[in-house]
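Two complexes are shown next, each including subunit A; its partner changes from subunit B in the first to subunit C in the second.
The block that comes next holds the complex of A and B.
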């Protein structure tokens, strides 16, 4: 495999008495779509700004394309950024914005104009060059910001929560377009987002950050199926937790006694960190629990419970179900099919589950 | 609905009423009177109510008026350029390098000169720039010059220095406001797109601060063209400006019509220059941030 385009080595950043980054190390590969995911204040934006050169690390090293970036200002780095606010220059028209960074390029004026047109075409804004900055919608501003960065052919494109200001429909559309654009230009994209769904949809790899540290770095599927800690599991998607007691543990498997589900044997590697001070628990995703309607035959193990809440989403229905013998409720998601009724609150139901979907947090 | 609207209108009128009355009585009426006077015939000590353009003919034909008008504009231009060029870095410093919680303190310090009356400040410049003044005493005391400098008082230079000092805060404040409104991310974006700090300033900060610069230019230029006190006190005979000539016509020579024609002409010239200046920069003034 080629050398990583960005290497972060134990990067720390301290603002006065606040430690924003507490030793972040990561290799980001050439051409991958990489996301920094975490709640606000976790340091993801600081990390992106450190890569861009707007913040100097307090200690540690940032290498881009093998070169140490210490002391290299943002204007000398092979990175370009799409800012959260888009930072469209209000005194310039669209072409002026997109061509802003080309001033120092050795291209002729005609070549620059062509590059601007191509960049605008790439983001679906062909013919918008003469449009004034204030006459653009939110989605168009974002496309201009993208074109403005991509026209400079950076090695790495940095995106700071670029979709958070857009409404849901437009956001979903832009997610697809960003992904397509990244494949088309083939350069590394680093996306900062607090939206786990967005990160899962778009990324080749995701680094989940909490409190200035990377908690887990993996591809979306691994992150979802094998979270390393209860915190990551709670942040990525929905997970049900049931109190559990480990009765026997060997390399071959872990025997647990789960509230409401009974005994189960977990494979040796399906365990993760519990939150500090928390008793052990077993986690299972809502889609891994299946409601058995009417007298549908049992598959796998079965628990019984009462429906406490029904949330109908159109394509899916989410149930909150109190399982006999377990505290609280678990969330179960069911796809709505032709022959499948929607249960009502207070109804009794059977739920089938499978040992292989369980993760032990201890 | 109509009741609400009429009460709303009444409330609005009540709010602007006193100011409107004051403005009409103190501004519009005198201006109208000056305009009327400028077309009447001077009868030496009396005014003959006969329409004439003779006053304007004299204003435009007599070289002394042209010279004084040109000097007034020249002084105002020099004062404006000096003030804005010196005010910009101060405004920039306060807007970008002073921590937000300290900015009010800085703005407060900038307005300290206003604590002393304008007249007293002009007198102080007389003390500073005079034959035996602070500047000359210091320079002779240090042995840098043998004879006191005479080109710093009672001439145009003294007028420019004094006015530039008096108007500095007026120039700093609008530029500061314009700089303060600039989204800092834009500056980062320019740097990210490959520009140095200097180029970022020239390509982003400066164009976006044009509204503040225009305001500063107008605030300084318009009143300095017609300044009376400073040229009177520190200008000497060769530093005389248009307001001094108007005063001369009105109070010494008792020629109201000619004085009025001079005043109207000066106003018209200032208006044309100001409007031309604003129009030439309208591209930057239309920017919506």
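The block that comes next holds the complex of A and C.
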């Protein structure tokens, strides 16, 4: 495994009397696609700007490629940023924008022009060099901003919610392109996003942030399957929570009594933090609950309940089901198959589940 | 019915506003020494005679020099103030900005008399420079208003992007900030120039032996036979002022469009 390109050590940032970053520590590896994920206002942009050098940490240390960055201005850091507003220079054309950072480079004019063309080609804007900046669409501005940063071959590319201004179709397309681009150039990408799906799709690793702190740092699969707290579990995807009572606890396993599901034994490592003051609960993802249609044979454990709501998505159907003996409803997702009917509201059904899919929050 | 009254009111209002100015060119081309109807024939001789008065040339040169100095100084000061007020938070920012803008509504006669007293008390002589100082005082608020709107519509992340791409703060100012606020600067220069060129009261109090154009014109009003010449001069001044103002507004708007911002100021609707 490569050495970390960026090391954050207990970084804090205070604006007047507001603490935007409360001790952030992380190692970001060379060449990885790293995402900062969290709700709006949790400090993602502040952390990114601290790495770029636009904010000085109140305490703590930022090291890039092993060097302490204290007092190093943004123009002397091996990072480049794609701003949320894209910050395309309105008085320059596309080539002028992309070539802006090459002004001080020792390259000849011809070499610079070639570098600009290559960068434009890389982002799919070959031949757009003479276009005026204001004549570009949102997606094109985004590509120009990318090309402008990549042409300098930074060690780290910082992206602040680069896709949030695009419509859904274009966003999904750009997610794929950004990922491809990152693999192609091999540069470390740090992406800020509040969209958990985007983070899951694109990242090698994700840091989930709440209120100026990293709650969990893991790869997408670990984050989804083993959230360390109820808060992370709720932020990443959908999770059902059922009230639970711990009846016995030993290194071999934890025995719980779950409302609606009954007794279960969880392995010692499948537990996480509940929110402070919350009673213990057990979480299970919608796809880990399986509806048994008609008289399908039972696999694993079975609960019964009544369908309260049906949401049909085409490829999937989401059900809200009130399980006998449990408060509220749980969400169950089922892939639509040829031989699978779609249940109606009010129908009774059996649901099968497996205790290995349970996570205890306490 | 209401619409008709409003329309009549509007027409009357505009007539009252512009009819006197419209009289200027009419009498400037009128072939008679007396300013009265009915008109005589058409002539260009008043404009020709304008060219034969050396004192008038001196006054015009004085005015242009003073207007140039005042508008350039006010624009530089305005840029510093606009930059500070749109970028930074500092203690008592609002009152400070308020006091800087005050000359906008202060009666010029007060400004003129106070400056006169101060200059004489300080033992200084009245000269071009005293007028320039007075004009800087009244023009700077206009410059600040124009340039604030230029700076406010400038996206901060443009400058950050330039620094991120390797430029220093100074080269960022030169390569990004300056070109983007340039229309505002031009607009401020032109408006400052126009205001200073037309200004009478302060120039009247603070001019020594070298009058500006408006002061010279005022002096000539004592000689009735000179009035048609003054009318010709006035016509030129009005046309020049309108041209300058329209150009200034054109640049101000283009600047805001270029920086991609919303129009939030300006003097012409």
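Just so it is clear, the second predicted complex is superposed on the first by the 362 of 362 C-alpha atoms of A that agree within 3 Å, B and C clash if a C-alpha of one lies under 4 Å from a C-alpha of the other, contacts with A are read in each partner's own complex, and residues count from 1 in each chain.
Just so we're on the same page, a contact is a pair of C-beta atoms (placed from the backbone, for glycine too) under 8 Å apart; a residue touches a chain by one contact, two chains touch by 3 or more.
Given the structure is predicted, the values throughout are model-derived calculations rather than measurements.
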When subunit B and subunit C are modelled together on subunit A, clash or fit: clash
Which superposed partner A:130 touches (first subunit B, second subunit C, both, neither): neither
Partner chain in contact with A:344 - subunit B first, subunit C second, else both or neither: neither
Touched partner set for A:169, first subunit B, second subunit C, both or neither: neither
Overlap of the subunit B and subunit C footprints on subunit A, listed as residue numbers: 52, 54, 73-75, 79-81, 83, 85, 87, 89-91, 100-101, 103-104, 134, 148-149, 152
Contacting residues of subunit B [partner subunit A, same complex]: 183, 185-186, 188-196, 199, 203-204, 207-208, 284, 287-289
Contact set on subunit A toward subunit C in their complex: 52, 54, 73-75, 79-81, 83-85, 87, 89-91, 100-101, 103-104, 134, 148-149, 152
For the subunit A and subunit B complex, residues of the former touching the latter: 52, 54, 73-75, 79-81, 83, 85, 87, 89-91, 100-101, 103-104, 134, 148-149, 152
Subunit C to subunit A touching residues, read off their complex: 155, 157-158, 160-168, 175-176, 179-180, 258-260
